[in-house]
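In the two complexes that follow, subunit A is the common piece, with subunit B as its partner first and subunit C second.
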Partner chain A sequence: MKNALEKGRIGSRQLAILIIFMTVGDSILILPSLTARAASQDAWISAIAGCLLALPMLWLWMALAGRYPQSNLAEYARGLLGKRAGGFVSLYYSIYFFFVSTGLIRELGDFFTIQIMPETPLRAVHLLILLVIAWGLAGGLEAIVRTSELFFPWFILLLLALLICLTPLLTPDNLKPMLSEGVSPILHGSLYVLVYPFAELVSLLMVFPYVARSRSTKRDILLAASIGGLIMFTVILFSLMVLGSYLTSNQVYPTYALAKKINIGSFLQRVEAVVAFVWVLSTFFKTSIHSYAFLLGIAETFKLRSYRRFIGPFVLLQFGLTYLITPNFAFYTDVLFKYWPFWDLTNAVLLPLVLLLAHSASRKRTALKA
Partner chain B sequence: MTIAGLLSLSPVRLIRQLGLLALCLALLLSLTGCWNRRELDTLGIVLGLGIDKTESSYRVSVQVVDPGQVSVSRPASPGHSPVVLFRSEADTLFEALRKMTEVSPRKIYISHIRVLILGEALAREGVGKALDFLSRDSEMRTDFFLFVAKHATAESILKVFTPLSNIPAYKMYDALLTSSRAWAPSATVTLDRFIDEIVGTGIDPVLTSIEVVGDQKEGENPRNVSRISADTFIRTNGLAVFRKDRLVGYLNEEESIGYNYIRDRVRSTVTSIPCESEGRIAFENVHSKTKVKSKLLDGEPVIEVKMNSQVNLGEVLCKYPTSVPANIKKLERSLEKHRIELMESAVKRAREYRVDIFGFGHVFYHEHPGYWKKIQKDWDRRFQTLQIDYKADIQILKVGTVFDPFYKDVKE
Partner chain C sequence: MIGFLVILLIAGVMIFLTLPAMLRRRELRDAAVYSLLTLGGIVFSTFAALLLPFPSPLRLVVAAYKPFADWLFSAMGWKG
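Coming up: the complex of A and B.
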């Protein structure tokens, strides 16, 4: 820990809040329709299956991070694979984090320009989001995390309000018939639940070394991921029960459509814009952490003394790429449905597994030498 | 900080201070509000939207509120209508709505519509395509009700002045809501439910039909509502039956009530059955719950419709002693028979149209997905001969504030 790039420390409760935010992330917007497209009315079973599949993945990360409690992904990749291969891997991961955060900002931009402010240029929305993110990055990890702590009660309150206000509209009949198409559509649906809320948490491998560990850290991580998973499960279940599987799969933003249905005694209605605050918050924190992981990874790869120098170029790069990443909305959703999950899985499962194997191999080698 | 103070700073600090000042000024830009804000006085708020089909294009009519005429603080100027109707024709709905700016000084704003009226000609041809815009547009919500204009164009419905509520679209919305709660032969169908039933498997949708009663020309004149009894009015009138998105016919009042009983959509209604001799007895439905179950008997599909209902006796038009428990039992049995007849009449009519509006096929899809997959293509034919077992269990709870009809005891 000589020349650590990050001097800040975060507590294990703060980490838990961050994980909940990141699990809900953009998934609350895009996941219900992706899952329903694959598994129609069985999407809620997919949600459970996806959460269960995420457990071994979390275990894998904790095993990896547990071996190197003092270093981040970029550091031990270099340590394990050597200067060249390790440097390449950490650069590769940085680029991956960069692309995820690009996608997230684009999703927010698309959401605003499709649903709320159709005549506002996409780039105006992107710029505003990016400026706030840059501000957070300049403040550093601690600042981002403390902000998330500050917004957490609002986030939970609004989310609960959304769910509670929808309970009168639940139609359990929409979930029938169960398992009519067999298991494979359910597994297909669970892929998205595994990938978008959970696999993208892999950016936390860059954050783990800065967590002030206590005995309960491991438990807190699992608990936070389960709460996030529970939120995703409930949102998918509610979409199916309120909108039905057809409308859920054919809506671009089913959760927003859900919020539009809120009508308590013709009095509490038209609150969807308030409820939209929930995913703006969660997506913001997910994006911030991915951007942070990118900056840290780059600084680590190129042995910079500070990542803060790079915030300006990052904003400019990101501003360009968020606009260029997809020619239109249909292309982006198609990529999300067909290809992106496998990229996520490569980086969240395959590469960490390789690193873990490299670790045990190097241990054996040193054991043999001694 | 004063200017003199600024100048006394070292160059580095001066640049810093100026930079901060520039930043503060730049932040002011973000306080200007929404990019594409629209002020209330530039919007024509639409409450009723009507779609008709002409030869090759859509004819869209909108009922726009005239804010000056409905404000509470300033009484409306007499002789002026509280709403204005604009119409335009174009190949698509989107174009037609924009084209309305040719005649309307304000941009048409449709996210507050209360009713959507589909002209009969359009409905017979299929409404699916006409609804795409409404389901796609980001400003649209799904909390308005859909109607079919019975034997009329949507435009003619939107042109009629209505008593009690000076905005006709509100009148239609409220009338439908009230009648579905207290009278039953109507259906409060919203856009999302309608689409869900159009694409749904083993089910076809219905909408409430609406019509102009009386002389159309008279109804378009404000004089119509200046009298105590309006000569021309609009009223909902039973249900319109669709095959997917195509109108195929109408149910009458009794059949509509029967339909609502099967779909378990009855909140409250009043029905009467004949007495043993002459006259009738009327009951108010206070609670009813219908369960539709499917089963396969030796591979043959059977639907079970089970109704459980509580009613209050409300009016007796014969000398029938209502204080006798045995009589109440008898009435319960004949009421049960009557309910079943209502439901049967609805099914009979639906079979004439060859559409399963009750979603019996949907019940099979839910409960016997394997069987449904096999016969899905053939369901229309099977629906015709489907065995349906009705069961009704009705309790009469109260008979009102008297024991017997008083004229039973009139000395002659």
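Coming up: the complex of A and C.
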């Protein structure tokens, strides 16, 4: 089944860059706080555990995508579960992608209005972000991915510069005592590391059929996810070693607070804008792919002729819901801490597992009939 | 009120530029989805523009996962 809605093709290397951007995504700012709140000074162990737990999930997606290399998630959901149930699952995923992108835009908006531009109305920030995303969506998948390729060296360079500048401030004693509360808090912390950087990559199941595959595609995907995981591990470790577990868990944006601490010879200081730049870049690409997955999912579900003509209504809808998604930042953080991880896991693990089982069952049925 | 008028104007221009062409080409399904999304967009954007109170859609996620989350957090002794 060759997909007619998207004509663009991306390479394995481009996909890998996209995965690194999406893994870092919004997590670079919110993850240290969530993991430290759950696992205190052991949050860095949670980061390792979360990255390891993500591997079977990635295998599950690759197994599913490998069985239908020419189809996206919406197409094989319909093919495996039938027109009605499959259509419902496809619509459900589209709504999920929409709300992930809504949440990401809101996070960006809140960050800008809390930390950088407190006088600017939240909705103005949302509108500006949405216009850039709409521009990217109008260009299509290739345009988004090529932009990510263009920004990638800057992203890595700034991130490395930030981490190097922080090394004189590292205090390894902040990691002690280790395992003081047992394994349970570490498991709790690993839930967030599994979910926010990795489980939300499920939107890539809408992108996989447009990747020009080579022998190294699987290796590239795993390598990219590992690099993303390593970045997240380093950011969490540095947050703990510089700020300590108490400050990391109580800061809204610990990585931003981390960058504020940089002071080299009273000359190089106030470099927190670097963090903002890195975060805006990675969140932009994550949001764009989720928005793209939503539009493509809607177009697949309703058998529409093109997804691009729905960008206008999408922006209008997104503008409203980005503001309405949460009454305040505290409610949103609470949802992120307690409920959203399970929604992500349902969509990243449970439903793909159901689809894989449905695939096995349909193969068995075909074999029996034969 | 200006916000509401701007939203109506934008939606009106969008509809004027897209919907008649879809109807001319008899793309009724596309036209229906387009109208539905635009209508939803107008409603939600109006709420946002006029700062009218609206229940957060995330409350649905909370309602769906609260029993399981509460059980898991208490069973594992996780900080809530």
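In the analysis below, the second predicted complex is superposed on the first by the 367 of 370 C-alpha atoms of A that agree within 3 Å, B and C clash if a C-alpha of one lies under 4 Å from a C-alpha of the other, contacts with A are read in each partner's own complex, and residues count from 1 in each chain.
Throughout what follows, contacts are C-beta pairs under 8 Å (C-beta built on N, C-alpha and C of every residue); 3 or more make two chains touch, one makes a residue touch a chain.
As the structure is a prediction and not an experimental result, all values here were calculated from the model.
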Touched partner set for A:59, first subunit B, second subunit C, both or neither: neither
Partner chain(s) touched by A:118 [first = subunit B, second = subunit C, both, neither]: first
First, second, both or neither for A:298, with subunit B first and subunit C second: second
Partner chain(s) touched by A:154 [first = subunit B, second = subunit C, both, neither]: neither
Partner with the higher number of touched subunit A residues, subunit C or subunit B: C
Touched partner set for A:339, first subunit B, second subunit C, both or neither: second
Touching partner for A:323 - first (subunit B), second (subunit C), both, neither: second
First, second, both or neither for A:243, with subunit B first and subunit C second: first
Subunit C-contacting residues of subunit A that also contact subunit B: none
Footprint of subunit A on subunit C - complex, ascending: 7, 10-11, 14, 18, 22, 27, 29-30, 33-34, 37-38, 40-49, 54, 56-58, 61-62, 64-66, 68-69, 73, 76-80
Subunit A-facing residues of subunit B, complex: 30, 34-36, 138-139, 141-143, 192, 195-196, 199-200, 365-367, 369-370, 373
List of subunit A residues in touch with subunit C within their complex: 37-38, 99, 123, 184-185, 187-188, 298, 302-306, 309-310, 312-317, 319-327, 331-332, 335, 338-340, 342-343
Contact footprint of subunit B on subunit A as seen in their complex: 114-121, 124, 128, 173, 176-177, 180, 243-244, 246-247, 257, 260-261, 263, 269-270
